[in-house]
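Read through the structure below, which is laid out as structure tokens, and then see the notes.
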Amino acid sequence: MPVTEYKPKIVAFCCNWCSYAGADGAGSARLSYPAEVKVIRVPCSCRVNPMFILRAFQRGADGVIIAGCHPGDCHYTSGNYFTRRRMTLLFSMLDYLGIERERTRVEWISAAEGAKFSKTMNEFCATVAALGENKRLEDLRCKK
Amino acid sequence: MQEMMEKRALELLADGTVNRVLGWSVGEFPYDMTPAVFRSAEDLKDRFVYNDFCGANLSKYLIKESKGEGKILVFLKPCDTYSFNQLIAEHRIKRENVYVIGIECYGKADVEKLKAMGLSGITGIQMKNGEYVVETVYGNKTVKASDATAERCLSCKSKKHVVFDELIGEDGDVVEDCNRFDMVEKLEAMTPDERFAFWRGELSRCIRCNACRNVCPACSCEQCVFDNPNSGVAQKAAVNSFEENMFHIIRAFHVAGRCTDCGECSRVCPQHIPLHLLNRKFIKDMNEFYGEYQAGADPDARPPLGTYTKGDREPNEGGNK
Amino acid sequence: MSHSNNATEQVLRSSGVDVRKCMRCGKCTATCPAFDEMEYHPHQFVYMVEKGEIEKLAASPSIYKCLSCFACVDRCPRGVEPAKVVEAVRLAVIRQQGQNHMKSDDIPALLDEDMPQQLLVSAMRKYSK
Amino acid sequence: MQRIGVFICHCGTNIAGTVDVKAVAEALGHEAGVVFSTEYQYMCSESGQQLMRKAIREHKLTGVVVCSCSPRMHEATFRKAASLEGINPYMVEIANIREHVSWIHKDMKEATEKAIILGRAAIAKVHLNQPLQAGESPVTKRALVIGGGIAGIQTALDIAEAGFEVDIVEKSPTIGGKMAQLDKTFPTLDCAACILTPKMVDAGQNEKIKIFAYSEVEAVKGYVGNFNVSIRRKARYVDETKCTGCGLCTEKCPQKKVPNEFNMGMNNRHAIYIPFAQAVPKVATIDADYCMMLKTGKCGICSKVCGAGAIDYKQQDEVIERQYGAIVAATGFNPIDAKAYNEYGYATCPDVVTSLELERLMNAAGPTNGTLLRPSDNEHPHTVVFVQCVGSRCTETDERGKPYCSKICCMYTAKHAMLIREKYPDTDVYVFYIDVRTPGKNFDEFYRRAVEQYGVHYIKGMVGKVTQNGKQLRVQASDLLAGEQLHIDADLVVLATAIEPDKTARSIATMLTASMDTNDFFTEAHPKLRPVESPTAGIFLSGVCQGPKDIPETVSQASACAAKVIGVLAKDKLTCNPCVAQSDEMLCNGCSSCEKVCPYGAISYSDKEFRGPNRTTLIRRVASVNPAVCQGCGACTVACPSGAMDLKGFSNKQIMAEVDAICQ
């Protein structure tokens, strides 16, 4: 059994109103998930520009997850619907370029779903860890 | 065709409908037809050319030209009218300053294909009885039209002019079975590793000459994010594989829902990278996921990324094999 | 008990019915044309399956009294589909006895677009003995 | 270069128990731009804030990073503390090392490392932070109430009471809504008209209240404090200012075959009509679909008999524009159409009626003048069967019904049963129920009275079908407790039909950019803590448009809603969120991509002159954002291909700086 399991770097973009609060909820309930997950707070999932995702991969992230309010519950009424379309297309394009589609993910996590946040992050980490290091969208200049 | 177009342009210049004409003239090489603005009848008679090498989409030049003094005449092939319409939808062209003559088109010749057949010293081209008569310094050569037709014209999506003030030649129809997504489907059917290898093979040739960006009617930003030092993502040269990917993914994303699939990006790429396959992937996905949408067909239509439905598919679902 | 649980599971699986959706309004029973003939009525079928009392139902002649008219399915406000539960119990009994007289190959020829397919199958089961 | 101070909070042992706070302070102290770094027991405490303020003064800090609990908890606290020392509050960033670190990670080394990385990300962001000023916008001190039922009337009266102007827009010719159609009200059995009409009169006479009856909201522009609303005043063909409401025209009108909607179509009215005697405004309206003068140009009797000269056949719809500071949705409800329920025979048997029809049949001003008579033959019914939950509590996928409990049916059915038994003791009354739900003051007592005192037969079970059987109705039902199937020969069957939001609510919600749930009820900003506000600022909810309610609840909610509206109108200025989108005009293409995704209509375009090469001027179409309208979601920033659109406080560069710091 390998002792040193690969520890991936994960960037999680969380919308301020639902998913960031969900992450706080996971904390309050002490529902652990790997420390490799680092959360960036954005007002709405629709603030996430595809450039941010590529940037994260460039700088060494192995997985990027975007979490927003459930469709229909967006604080800004429609933001996450746009997120859904944009990311559907972007992920499909990344896949089309042969870049592992499992490295990117969108999840809808409400403020009440601390347990879902923790579960999602655990699963996503495991998935990305299984893929290993991000090689296909790496920028060697950014590697140590 | 050229005579008819020249005659009509001279009439419109003479009666004051327009004060200049946007068309083509000979560029660096005799087969290299370059967009040009003609400001007088003399200039037009002198330099105006139209033949089967005139592939360039003139609509993008109207962003600037339509803001000048007076009205300008432009010749648009069916596919160009989609770009024109899209730019109208984006408020980039002043429609009232443009006089559009739609010209019929049955596909343009690809000089690279002719060269690949061993032809050299090409000086001109003519369509005769469904065949190309290629004029070269070594005499005329007859070539089967389908052998020399540009790839993008072989999967032409529409011979219909979606906007025009008048027509020279016939107006055609939207081509229902143009098979333009065949190659995209082929790629989708590959394994991710095969796809990765394919695209690395293609994109690694990119020299970041920006020809694709400069010719693209959708890539008409005042300043491109990649040129803007304040954007935080400026990059002038595709230094490594990441930057090649980054530039082309973001470019495709920025034109998603706006790209009319005119194919200019691939036509001008000096490295022959099939860039249109990136745009077509988005077009195909949007058609499948959100319903058929052709950018430019209807300037009032809501683009797929400017709208949504409650039951849209989820990003994690995946589309390719 | 484990036998009973197995039987319950089988009935739930083969009927595809979620008995927990029942809000015990009794509209199925109110609507049932075979009410007088039945020992257990449609709502009881649903409730007893929920409680796991399959054996009682299997032993009752009620399973053959259901006309498979699907009135209960049509009128249930919760979409519970009691007739499917009845059918599933009946099916379980028939299977146990090895009395399945219908050959599946015969079915396609008997299909009628306007007729619920399950109605046809249940009718065959009931009357072909 | 910023001068950044970093403050790490122990939060007692909440953070310090898992994170080596000293190591974090040490590590972050070496980051570029950080001139001060310390840790403290409780940063949010008074002494913690003092410590921060002292450091700001002594070290001339320009930016602050607090590594503590979630920004959702104390961001405001620290921003306020910093601003007391003259630092712009938006120069403060929080690294969440409690909820996101110490509470979820057990290993101290791991947790400390992550805390340092999150701290670095916050520092990277502060480097790029800009001081932001919250804008202010003025408030139009007038409210609009859409819907003139009891909810709208009560809200309007309360707002007017506080001294603010209110307009009521009501689509029918009179205010009053559904309550005006009711006979008696539970659980007190007072007559609906007796308690409603004085309120209608109050509203009509109040100087602060302006009623636009027979009018509809056509367009809504603007934002909280500054709404601009177009109201279509439909042509009544009667001059409201001249009509005295004498009713002579309505008597003389020869077209008398118009179904009377006030009586649920159970009798007829004239083409020119006043819906009911106590209508407010008491003005006649010509029904253009039936008026012979308007249709054929032949008649004109009403004009001849009108002493006030109020009839105007040439009247046109008029669209007026009014400004408001706040808008209340009070669009109310309707019973669902029972026609889909074949099994209850509503469409085929005249003696199967809905509860609202029964209200009219029992009302003194109704089609039978208050005597309970069967619609088919005007005979006294001797057996009446009530069916509860018709169309309520169905599955989500049910096409005929609604998934929710309509809440009011149990009580009004008890009321009906009781009233019938009281007036006609020889009548047998059966109520088929699934559950009897009576939470509410004096509600269960009321229901028990129906059973114990009035002898109403409550039967646990449902009606399966109703068929015409000669002059009677054959009701087949289950009695679940007795295990019987009942066959009752009834004279009248009453369906307690579910209620649904008014059909116009959806289009109004779209105009207001207020969100709705799948059942077309308006969504509240918070189901428990902000139940009368829409998530859209400046939009408030009153009555059943938010969810099923009875009258007492509707009235309390209407008053609560008024209090919230008054809270907005009482302010002279509203401060806006400064983290809003901003368009860089030099980069903007004017392509309208951003406008298409903006949920608030905050983006507008104008042609502006720019300097071109060689002393020329260029005119370009460019976007600008109204900071008072923008809520700062950022959807536009991604739609913009040129990067002209950016979000203050969450700029592209700030977010990418965080990404870089995290992925380092």
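Residue numbering begins at 1 within each chain, and the chains themselves are lettered A, B, C and D in the order written.
Note that in this section a residue touches a chain if its C-beta (ideal position, glycine included) is under 8 Å from a C-beta of that chain, and two chains touch if they have at least 3 such contacts.
Treat the numbers as computed from the prediction; the structure is a model and nothing was measured.
With steps allowed only between chains in touch, the distance from chain A over to chain C comes to 2.
Taking the mean of C-alpha positions as each chain's centre, the chain lying farthest from the centre of chain A is C. One finds 64 Å separating the Cα centroids of chain B and chain C.
Separating the centre of chain A from that of chain D, both taken as means of CA atoms, is a distance of 33 Å. Taking each chain's centre as the average of its CA atoms, chain A and chain B sit 37 Å apart. One inter-chain figure worth recording: chain B and chain D are separated by 49 Å, centre to centre, where each centre is the mean of the chain's CA atoms. Touching of two or more other chains is recorded for residues 597, 639, 652, 656 of chain D. Among all residues of chain C, none touch two or more other chains. The set of chain A residues touching two or more other chains comprises 50-51, 55, 72, 78, 82, 86.
A complete list of chain pairs in contact reads A-B, A-D, B-D, C-D. Per the touch definition, chain A reaches chain D in the complex via residues 9, 11, 16, 20-21, 23-24, 26-28, 30-33, 35, 38-44, 46-52, 55-56, 59-61, 72, 74-79, 82, 86, 118, 142. For chain D in complex with chain C, the touching residues are 343, 389, 393-395, 397-398, 401, 432, 434, 460-465, 476-478, 480, 483, 485. The touching residues of chain B, counted against chain D in their complex, run 67, 89-92, 220-225, 228, 230-233, 254-255, 258, 302-303, 305-307. By the touch criterion stated above, chain C contacts chain D in their complex at residues 21, 23-32, 35-36, 41, 43, 71, 75, 77-79. Residues 50-51, 54-55, 57-58, 71-72, 78, 81-82, 84-101, 104-107, 136-141 of chain A touch chain B in their complex.
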